[in-house]
Amino acid sequence: MDNTAAIGKIVAQAGLLVLLGPLVTGFIQKLKARLQCRQGASLWQPYRDLAKLLRKGTVQSDSASPFFRAIPVLVLAATVTTTVMLPVLWAPAGAARLPMGDAILLLALLALARFLCAIGALDAGGAFGGMGASREMTVGLLVEPAMMMAVFSVAVAGGTTDLVHLAARRGMLPALAWQAPDLLALFAMLVLALAETGRIPVDNPDTHLELTMLHEGMLLEHSGPGLACIVLATHTKQIVILTLVAALFFPLGLAEGSEPLEIALAGGALFAKLFALATFLGLVESSYAKLRFFRVPQFLGLGLVCAFLALALRIL
Amino acid sequence: MASSLLWLTPLLSFAIGLAMLLVRDRRVLATLDVAGSLVLLGLTLAITGRVEQGGPVSALGIFRADHVTVLFLVLIGLLAVAVSLVTVGWMRRELARGQMRAERLRYYYALVHGFLATMLVTVLADNLGILWIAMEGTTITSALLVGFHGDKHGLEAAWKYIIVTTIGISFGLFGTVLVYGAAAHAQGGVLAGAMNWSSIVAIAPRLDPGIIRIGFIFVMVGYGTKAGLAPVHMWLPDAHSQAPTPVSALLSGALIKCALFGIIRFHTIARAACGPAFSQGLLLTFGLVSVVVATPFILAQYDLKRLLGYSSVEHVGIIALGLGFGGRLGTYAALLHVINHGVTKALVFLVAGDAIGRYGTRDMRVIRGLLGIAPVAGTLLLMGVFSLAGTPPFSIFISELMIIRAGIAAGRYVILAVFLFAVVTIFAGFIHRVGQMVFGTADASVGREPEARLPVLGLLLLVAAMVLLGVYVPAGLDRVLAHATEIIVG
Amino acid sequence: MSVDLATRLIDVLGGLLLFSTLLILAAGQLFRAIYAVAVQSVFLAIAGAVLGAATGNPDLWIIAGITIVVKAILLPWLLIWVVRRIQIPREIEPVIPINATLGLAAGIVVLAFRLSASLGPVRQAITGNALPVGIALILLGVLVMASRRKALVQMVGLFASDNGIFFTGMAVSQGMPLIIEIGVILDVVLGALVMGILVLRVRSSVDTDIADLEDLRG
Amino acid sequence: MEVHKPSLRGAVWLAHLLILGGASAGATLALRVLIGGAGTLSLTLPRLFPFAEMSLSMDGLSAFFLLVVTLVTAAAALYGPSYLGAHAKAPLVQTFALGGFVACMAGVCCAGDGLTFLLAWEGMTLASYVLVIIDTRNEENTRAGLLYLVMAHAGTAALLVVFLTLSARGQGFDFAALRTAARTLQEPTRTVLFMLALVGFGAKAGVVPLHVWLPKAHPAAPSHASALMSGVMLKVALYGIFRLGFDILAPADGPLPASWGWTVLIVGTVSAVMGVLLALQQHDLKRLLAFHSVENVGIILIGAGLAMLLSRGRGAEPLAVLALAASLLHTLNHAAFKGLLFLGAGSVLSRTGVRNMEELGGLARRMPWTTWLFLLGAVAISALPPLNGFVSEWMTFQALLLGGAKLGGASGLLAGVAASMLALTGGLAAACFAKAFGVTFLGRPRSVHAEHATESPAPMIAGMLLLAGACVALGLLPGYAMRLLDGPTQELLGGLGPSAVVTARGPLVLSGNGAASGLEATSISVTAVAALLALLAAVAWVLRGWPRRAPRRLAPTWTCGMLPSSRFDYTATAFAKPLRLIFAAVYRPRRAIARETGPSPYVVRRLGYTGEVVDLAETMLYTRLKRWITATAQGIRAYSTGRIHGYIAFVLVTLVLALLFFARV
């Protein structure tokens, strides 16, 4: 039965992404530690944190609305939903796969998650939540259009915004038959990925100094399982972004059928890509300082310009 | 019998005027006034009916009523009734405020009816000389009315009014003389009714164009002065703002239309004699100048009644434009606009008079929150001004619409562009000022007496006409207008 | 009297009329202006008589008579009466210098003649130079009103331009219908009365010349 | 707050129920035309004016817009009485004006000839004006009303020229005659007419830079009227653009002039961005919503402009259909969620009497229904899945991408820019509504009014629920919505309808299927995604309680150990500050800080902060124009002396000039 197989594949790779999410974070932390000549926590630390958080009790702000408890869950759900739209191991082109979503929907779902997160931050009241929400939304609305443009520039070439189809088509072209727009778009994506995954120089995931936080600031009032959901969502978002970049620019070694060898190859390819991108994030993070918040727009402007040029060159 | 109506009607109102001189009691005077006006309206309607069935009627060889005439006749009758009703309430306040001395009341009423009579003669006259005499008569009677209060400004306005319009009128007489001369010449010196419009029109194509041109120019400038066309309009805001409110209503609503009537009569002759281009060009020029000149004075105006005066200048200009665009549509629209503007402007003047009475000033910066203290007056003022500014569902929108369409049909795009720009600007200024007056909250010093019933009745009469003509042109009126258009453009 | 003689006489009278109007324009003193307009009216009456004789139309004689009575006697007397009633300085203050006015007057006269010269055959409809002279008289009368400050002088100017109209009116083929003429004159008289009343009321209420009021503006 | 006599309340209720009945009747009629295949309905009106007969006619386009009108009208009619009941000036007048307003809007949509159109159009303006200035003592409202009226009138002047020019050629006002007349015109003339129409309708639709009246006037009206003005009246203006641009003025065959498409696309893009940027800086809830109307009109116009660029004979018909469908669908969607949001704002207003969100807050627990419905609307308008806003914007994106690729060259680039601007708009809108919702409903109450707020009565909730339902339905089942668009798009563009182009597989799948234009299929299923979302949420909800029942306790919000009070909460101003700085070039922000020091300059008693941003269009264009005109008028007036000699001289000169110019043969 074709559809069940398709569903199986989708569920499998979605699950894979969710499971791998924390690992990527762990890897980046480890890398940073090593670059700072520290031992650092183990690769699996993020999993342990999640487990711990899940076991903890909850402290909720007395001024929050009933909706507050639902927010982490929704954020997590929205983030995880995006995983089904990416080609991870397979790129099953053609009518067989049931339509789920495309790049636009993916980015929109991430925006939904961000929106809900901000609502939650404002819900509890207090200045830090609001500050975090305001800044996160600001960065978000600067990143989103740039990312869209980068995606579009590829999509225009592929004639579709459906990532799986794109990947499929790309897979057929020789990987080096790139044109200038691809390079520009890739560069833009890398810049934006830093912002979208909340990394230095845009945001500092490790700080908990209230005035410097962006993303963390919004999570201040969450605790216990709720916080666990959001943290997991953050991990997932990060890996989703990385996979998106991979799917857009290096859709290599994706499996067609389901022979073990193929799958193994695809898995290897996936790991390679994730490794490369994660290393990039780690290197940048440990070799740059965090920017002042009002410098961020200029930094992102770089990505914006590249993305726009990529789109323009593609169309002209 | 119907023909005798033609001279009976003005005579009657003369008689009423004279009779009033003998009466001293206020109530009797008011009753006479209202009753007389009602009878007048009845008579005009009777004439209209007669004309509408049997075509033009003439009497004594110098009076004539055709479809053009009856339009103006009914307008005069309607305004007379409405004004007389409103005068009741207005006069009460004037006496209370000591503006009007009880013993001079009868002169006022008498003059008003004399004024009406002269206007009636003007539009009923077939003989162009009679037309001129009656026109000068209106000047004399109304000049006395303008200066009736006897204060400095009133006298100044009256003087400017009588001097300037008399000059204009004398130009009109000269033009009449020339046309008469041309006609007499064309008839080979046979004088039979050589001065009657009907007979002149009959032979118009044979008249000498050169002399008719000069004649029409004189008439245009002369009667144009009386009609308040720019740039010879300057007496108008003075007179219309200084006159007692009911008189202002009659001046703006009816009198300047009578002057237009004269222009239309000669326009008909000139059209036939020199071809349409000449007289229409002249009309277009005056019309456009009037609209343009009125604009800045409306925008930068603080005196309510002067504002309305300038708006009259604008609308006479619009009528002239309609005639100037020509064709059936333009002429039809211009005639319709005569009715619409007459009704609306009278309404607005009367309501404004009420407001001025309450606030004791004409300065629009002082008047505030009329809607709060006099809901009916406030609403009516708003409606009237919307109509003047040309918004549906009020009458003026329709006639302006038709005029614009006539302009497009005539291909006069530049004139239209200027016209539209001016009209929109005027709209802005108008609504701005009136909005300031109507909305907001009035301060305590303002007269808050309830609105009397009878005057409101008169206003409602006008509003009814205004709204009705805005949503529907009755078949009867349409027929009359169509015939009138026939008469003018052939 | 033969028609061409009448025509010549009319031309002469037209000249005289023009001259008298110029006198009004040049007048530096109120009474001179009034007398000048009276004289002008007399010329007008003569013109009426001449035309009456030429055309044998009795109406014109009547009109001539009326003109003498009303315009040459009644109205000037009225003016003088008003002047005496209100003691005002007798000299005329021009708004624009008298010489400039005369220059304009010359221009106007030229214009009038050029205009009627362009007409051609119709001129037969109107005897002699009556048309251009009439136009000139009217415009000059208005010029007087525009260029002199006193209200009374303005009335004088008004009468002068009325005379112009009458002149042309008589010269138009055998004059206008009688009743019209009478009505017109009636109106003129009434108008003059009303103007007189206004002048007097302003004098009595605020002691200035009514033509100097300029509060209403804009 | 005045309390009205029961009889009055009864009358108001009755009137609103009548409106509701009319709305449902209109809706059924529209649906019959749209899906019932009733064809074009038409009805000849009694001949009121001698120079033209009047008629109503409803084809697909009219029916679609009538549907938009009736949808919001029904909600407003449900909502109105209780809203008026609370606090209302002259409720009967309001009700009457509302009825007239709705009737006129329906009249515009169903007009069969230019005259009916113009009359209904002006009636619409007048009725809405009455609703704007209904609180006649409020100077600000009356000024807003004036501005509104003047701009509407100027627009109407432009429309007059268009319709009259056509009718003068076509010897008649009815659309068929106008169409044939337009066909006889030269292309440049038609372009001029179209631009005039664009100005005329744009002034009403609030496109930048003709939008200045909108954010002033819409909030002034009672909220359900605001909902109608923002949600529907703008659409009626857009109907005019569609009707003239695609139908009446369009050439008989061959593509629409490229200049039209360019203009509309650029205007739309600018409106979208400027609208949302200005909305971000508003603290008055209703004004913020009004600015968002500008934004959404812009989005609709983007679709329309693209459709013009791609239309007929450029080999991209399916894409044109996609673009037009996107823009029409967004029209419907915007009506739904903007109506919902305005009703929500109204319910807040009627309960607290406050419009400034800085003084609100903490309503979530006091007015739960309003809160969650408003949130729904916020998600929808921010174009976030899985609600309807996302669907139409997704279609717009697809159209822009595929169209841009197809067009190539400058037009393609323009499409690309529009796409990225649209993305930016989405982000800004999300930020804006995070702010609006968060500051208004969440946190702690910042004023007594908010403190004592209670939930609105059931009828108002019902009105909101109706629109919320529409938002969800249109979001989850876009495929069915496509069938509504078939009629209009086929009339305007010919060829195959959206349901053929856009939804490849049934009602659940949305797909930018440009097969005909040689582009591959992209298909998403909002329904499936929504289901997945719900499923995952449920799973997560269960899972998080799973390891062991962890204790839950309440504690005050963390404010660095101080005792939290409502003054700690983030204000709207603070929330929007980063953007104020980033986009300072557009906002030209001004701030003034008043500090009141004690005896020593270091002891600060009070700090006052006032900041404001400007609307460039207003300061650059309107203020200057107004100043110029007033100055000129004053100057001219100063010249007129009151001297009678001047008057006489004028008469003399006029006569002489007339003789000189006109006497010669």
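Read from first to last, the chains carry the letters A, B, C and D; within each, the first residue is number 1.
As a working rule, a contact is a pair of C-beta atoms (placed from the backbone, for glycine too) under 8 Å apart; a residue touches a chain by one contact, two chains touch by 3 or more.
Keep in mind the model is a prediction, meaning the values are calculated, not measured.
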- Note on the structure: Busiest interface, judged by C-beta pairs in contact, is A-D
- Message: Using mean CA coordinates as chain centres, what's the gap between chain C and chain D in Å?
- Response: 70
- Message: Can you compute the centre-to-centre distance for chain A and chain D, using the mean CA position of each chain? Integer Å is fine.
- Response: 35
- Whole-Å distance, chain A centre to chain C centre, using C-alpha means? 100
- Task: Find the geometric centre of each of chain A and chain B from their Cα atoms only, then give the gap between the two centres in Å, rounded to an integer.
- Result: 78
- Note on the structure: Note: chain A residues in touch with at least two other chains are none
- Among the residues of chain B, which are close enough to touch at least two other chains? 159-160, 163, 167, 171, 210, 214, 238, 297, 300-301
- Where chain D touches two or more other chains at once, by residue number: 637, 640, 642, 644, 648, 651, 655, 659, 663, 665
- Task: Give the pairs of chains that touch; include all such pairs.
- Result: A-D, B-C, B-D, C-D
- As the complex stands, chain D meets chain A at residues 361-362, 364-365, 371-372, 375, 379, 382-385, 390, 394, 397-398, 401-402, 404-405, 408-409, 412-413, 415-417, 419-421, 423-424, 426-428, 430-431, 433-435, 437-439, 441-444, 505, 509, 511-512, 518-526, 528-529, 532-534, 536-537, 540-541, 544-548, 550-560, 564, 566, 568-571, 574-579, 581-582
- Task: Flag every residue of chain C that touches chain D in the complex, lowest number first.
- Result: 95, 108, 111, 115, 118, 139, 142-143, 145-147, 149, 154, 211, 213-218
- Contact set on chain B toward chain D in their complex: 159-160, 163-164, 167-168, 171, 209-210, 213-214, 217-218, 220-221, 225, 231-232, 234-235, 238, 278, 281-282, 295-297, 299-301, 329, 332, 369, 371-372, 386, 389, 391-393, 397-398, 401-402, 404-405, 408-409, 416, 420, 423-425, 427-429, 431-432, 435, 438-441, 471-473, 478, 481-482
- Message: Under the definition above, what is the set of chain B residues touching chain C in their complex?
- Response: 127, 129-130, 132-133, 136-137, 139-140, 143-144, 147, 150-153, 155-160, 162-163, 166-167, 170-171, 173-174, 177-178, 180-182, 184-185, 189, 191, 195, 208, 210-211, 214, 237-238, 241-242, 297, 300-301, 306
- Which positions of chain C touch chain B when the two form their complex? 115, 118-122, 124-126, 131, 134-135, 138, 142, 145, 151, 154, 158, 161-162, 164-165, 168-169, 172-174, 176-177, 179-180, 183-184, 186-187, 190-191, 194-195, 198-199, 201-202, 205-206, 210-211, 213-216, 218
